[in-house]
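Read from first to last, the chains carry the letters A, B, C, D, E, F and G; within each, the first residue is number 1.
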Amino acid sequence: MADSELTFEAKMQQLEEIVRQLEQGNTPLEAAMDQFKKGITLTNELQKTLSQAEETMTKMIDQNGNETDFETSNESDNGNE
Amino acid sequence: MADSELTFEAKMQQLEEIVRQLEQGNTPLEAAMDQFKKGITLTNELQKTLSQAEETMTKMIDQNGNETDFETSNESDNGNE
Amino acid sequence: MADSELTFEAKMQQLEEIVRQLEQGNTPLEAAMDQFKKGITLTNELQKTLSQAEETMTKMIDQNGNETDFETSNESDNGNE
Amino acid sequence: MADSELTFEAKMQQLEEIVRQLEQGNTPLEAAMDQFKKGITLTNELQKTLSQAEETMTKMIDQNGNETDFETSNESDNGNE
Amino acid sequence: MADSELTFEAKMQQLEEIVRQLEQGNTPLEAAMDQFKKGITLTNELQKTLSQAEETMTKMIDQNGNETDFETSNESDNGNE
Amino acid sequence: MADSELTFEAKMQQLEEIVRQLEQGNTPLEAAMDQFKKGITLTNELQKTLSQAEETMTKMIDQNGNETDFETSNESDNGNE
Amino acid sequence: MMNDYLSVTALTQYLKRKFDYDPYLGKIYLTGEISNFRLRPNAHQYFSLKDDHAKINAIMFKSAFNKVKFRPEEGMKVLVMGHISLYEPSGSYQIYVERMEPDGVGQLYQALEQLKQKLDQEGLFSAPKKELPVFPKKIAVVTSPSGAVIRDIITTVKRRFPIAQIVLFPALVQGSQAAADIASRINQVNELGGFDTLIIGRGGGSIEDLWPFNEEVVARAIFNSTIPVISSVGHETDTTIADLVADRRAATPTAAAELAVPRLDQVKATLSTDAVRLVNGISSILKQQQLKLTRLLESPVMRNPQRIYENYSQQIDLLVQRLTSATRQTIQNKQQRLVSANTNLKLTTPVNQIKAAQQRLKILALQLQQNTRNDLSEQQQHLQLLVESLDHLSPLKIMSRGFTVTTNDQGKIINSVSEVTNEEKLTIKFNDGQVIAKAIEVQQPDGGNNGR
C-alpha cells in the first residue's frame, strides 16, 4: 500500500526501471517474473490512474460544458439530462 | 472559500496561470489534475459571475429601459415582456 | 439612504462621474457592475425626481390655471385636461 | 405669514425676482421647484388681493350708484331695497 | 370724523387730488384702493352737501316766493281799503 | 337781532354786497349758503319794511314850530294866488 | 423871381401866427357896446363891439355863451374877456369872447366874486359833500309855500316814493330879508332833527331875484347843516353860491325831488331782482360745484376704477407664463442632461466587458482542457510504450515459443536439474496452462543424480 502513495510519475519511473532491467535480460527468471508482475501491476495502476483522470476530466468538462451551454440553450440541455 | 473573495480579475489571472503551467507540460499528473480541477472550478465561478453579471445587466437595462420608456409608451412595453 | 438626501445636481454629477469613469474602460468588472448599477439607480432616482417635479408643476399650474381661467372658460379647460 | 404682511407691490417684486432668477436658467432643480412653488403661491395671493380689490370696488361703486340714484328717484330705489 | 368738519371746498380738493393721483396710475395698489374708498366717501359727502344745499335753497325760495306773492296781494288789499 | 336795528339803507347795502359776492361765484359753498340765507332774510325784511310803510301827507312847520297839514292849505293857497 | 411872391394863404398864415403868438392879444379885457346882435338859440353867437370911433368883430362859441348869466341886447354895454385871432377864409381878425358881463352891474359881480373867493378859500366849496340818504323817511323843504317848487317836489315824491314824509318850511325867497329867513329855516330844520334830506329852492328869475342865495349867511347855514342839502335855485344856467355849498345841486325842483327819493317800484323791483340774483348766484355756485363733482366722477379712473388693478392682473398673467416656462425649461434642461448621461451610461454598459471576459474564459477553458488532455494523452502514450515494452519482455512470451516453467511443490521455479529429485512432484507451466508431473529420472549432463 505504500505504493499507492507514490505519485504517478514515481510509479512510471518504477515501471521504466523494470522495463529497462528486463531489457537487459540478465534478470533471473524468477526476478523477471516478479518484476514483470510488478510491471503489470504498475501498468494497471497507472492505467487506472490515467483512466480516472480522463474520466474525471471528461466529467468536469461535461459539467463545465453543460454549465457553459446552460446559458445559451438551457432548456434543451436540461431535457437531455 | 477564500477564492470566492477574490475578484473576477484575480480569478481570471489564476486561470491563465494554470493554463500557462499546463501548457509547459511538465506538471506532475496529480498536480495537473488538481490544477485542471481548479481551472474548471475557476472557469465555472468566472462563468457564473459573468452569467450573473449578464443577467443582472439585462435585467437592469430592461428595467431602466422600461422606466425610461414608461413615460412615452408604458403599456405596450409591459405587453412585450 | 444618504443618497436620497443629495440634491438632484449632486446625483447628476455622480452619474456623470460614473459615466466618465466607465467610458475610460479600465474599471474592474465588479466595480464596473457596481458603478453601472449605481448609475442606473441614480438615473431612476433622477428621472423620478424630474417626473415628480413635472407633475408638481403641472398640478400647481392646473390649480392656478383653473383659478385664473375660472373667469373666462373654466369648464372647457377642465375638459381638455 | 410674514409674506401676507407684504404689500402687493413687494410681492409683485418678489415674483418678478423669482422669474428673473429662474430665467437665468442655472438654478438647481430643488431650488427651482421651491421658487416655482413660491411663485405660484405669490401669484395666488396677488390674484386674491386683486379679486378682493375688485369686489370691494364693485361694492363701493354699487353703493355709490345707489346713493346717487337715491336723490333722483328716492322712492323707487327704496322699493327695490 | 375730522373730515366732516372740513369745508366742501377742502373735500373737493381732496377728491381732486385723489382723482389726479389715481389717474397718474403709479399709486401702490393698497394705497390706490384706500384712496378710491376715500374718494367714494368724499363723493357721497359732497353730493349730500350739495343736495342739502339745493333743498335748503328750494325751501327758502318757496318761502320767499310766498312772501313775495303776499306783497302783490297785499297792495290790492290796500287798494280795497 | 342786531340786524333789525340796522337802517333800511344799511340792510340794502348788506344785501347788495351779498348779491355782489354771490355773483362773483368764488365764495366757498358753506359761506355761500350762509350768505344766500342771509340775503333771502334781508330781502324779506326789506320787503316787509316797504310794505308796512304808509303814504304820508305833506306837513308844514312854521317859524314857531307849529305843524300843520300842508296840502289842503296848499291848494287853497294856490287858489288864493 | 417867382420865389419873391407870397401866396395869399402863406401871407394869411403868417399874419395869423403873428396874432396868435402876440403876448398881449392872447388875453384881452375889452369894454364896448353890443351891436349887430341877433340871438341864435343854442348856437354860436356872432356880433360886434364898438365905441364911438372903432368896431371889432366878435364871436362867442356856444359853450362860452351858455355861461353868460344875462340876456345880451343890442346897444348894451358889456365887459368881455377873450383873445384876438385871424379867421383865414375871410382874412378878418376878430375877438373870440370867452366871458361876458353887463357893464354897470359890474360892482355887484365884483362883490360876488370876492365872496366866492373868500368862501372858496375857507373850503366851503371843496369840503367833502355829504351823501344823500337813498331811502329818506322825512324830507325838509325850505322854499316858498306858494311857488311851483314845493308843488313839483310833492308831486314827484308822491309819484316816486310816497312813503317819504315831506315837511315844508316856508321861507321868503326874494327880497332883502329872504337870505336871513332862508338861513334861519335851515337852522330850524337842523334843530328839529329827524330829517334825512333838506331841499332848498326857488324858481327862476333875474340875477337880482336869485341874489339871496348868493348871500354869505345862506352859504354858512347850508354849510353848517348836518342834514344833506340839495339846492335847486333858478335855472340850470344860474349858479349861486348856495348851489356851490350845497351837497347836491339840482337844475329843477323835480330834479331835486328825484335826487332826494328813489322810486318805490324800482326799490321793490330791485329787491325782487336781488332775490332772483341771490337765487341765481347760489344756483350757479351749486351748479358749478355739482358740475365739478360730476366731472370728477366722470374721470376715467372713477368711472372705470378697475383700471387700477387691470394692469396688475395682466402683469401677473405674464409673470405666471414666464414662471411656468422658465421652470419647465429648467426641468427640460435637467431632463436633457439626464437623457444624455443615461445614453452614455448605456454605451458604457459592462456587457461588452462581460462578453470579452466570456470569450477569454471560453478560450482558457478550451486551453485548459486541451492542455490537460494533452498531458493525459502524453502520459498514456508513455505508459503504452512501457506496457508494450513490458509486454515484449514478458516471460509468458518465451513460453509461447514452447518454453515452460517448472516449479516444485513450493512453487519455486526450478532452474537446474539439480534441484529436482526423483519422484518429485513438479508443476509445468505452459503458455496456455500447466501440467502436474512427476520426475521420473533426473539426468545430469555429468551423470550426476539428484536423488536424495
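Points to keep in mind about this one:
Here is the rule we go by: contacts are C-beta pairs under 8 Å (C-beta built on N, C-alpha and C of every residue); 3 or more make two chains touch, one makes a residue touch a chain.
Note that this is a predicted model, so its numbers are computed, not measured.
Comparing the chain pairs B-G and F-G, the larger number of C-beta pairs in contact belongs to F-G. Once CA atoms are averaged chain by chain and compared with the all-protein CA average, the nearest chain turns out to be D.
Each chain gets one centre point, the mean of its Cα atoms, and the points for chain A and chain G are 126 Å apart. Each chain gets one centre point, the mean of its Cα atoms, and the points for chain A and chain C are 66 Å apart. Distance between chain centres (mean CA atoms), chain E to chain F: 34 Å.
Centre-to-centre separation between chain D and chain F, using Cα means, comes to 69 Å. Touching of two or more other chains is recorded for residues 8, 29, 33, 36, 40, 43, 47, 50, 53, 57, 61 of chain D.
Listed for chain G are residues 268, 275, 279, 282, 286, 289, 305, 308-309, 312, 320, 324, 327, 331, 334, 342, 349-350, 354, 357, 365, 372, 376, 379, each touching two or more other chains. By the document's touch criterion, interfaces exist between A-B, A-G, B-C, B-G, C-D, C-G, D-E, D-G, E-F, E-G, F-G.
Those residues of chain C lying in contact with chain B across their complex are 28-30, 33, 36-37, 40, 43-44, 47, 51.
The touching residues of chain G, when paired with chain F in their complex, are 133-135, 145-146, 150-151, 154, 158, 162-170, 184-185, 188, 192, 264, 267-268, 271, 274-275, 277-282, 284-286, 288-289.
Listing the residues of chain G that touch chain E in their complex gives 268, 272, 275, 279, 282-283, 286, 289-290, 292-293, 296-297, 299-302, 305, 307-309, 311-312.
Per the touch definition, chain G reaches chain D in the complex via residues 305-306, 308-309, 312-313, 315-316, 319-320, 322-324, 326-327, 329-331, 333-334. Remark: chain E residues 7-9, 49-50, 53, 56-57, 60-61, 63-64, 67-68, 70-71, 74-75 touch chain F in the complex.
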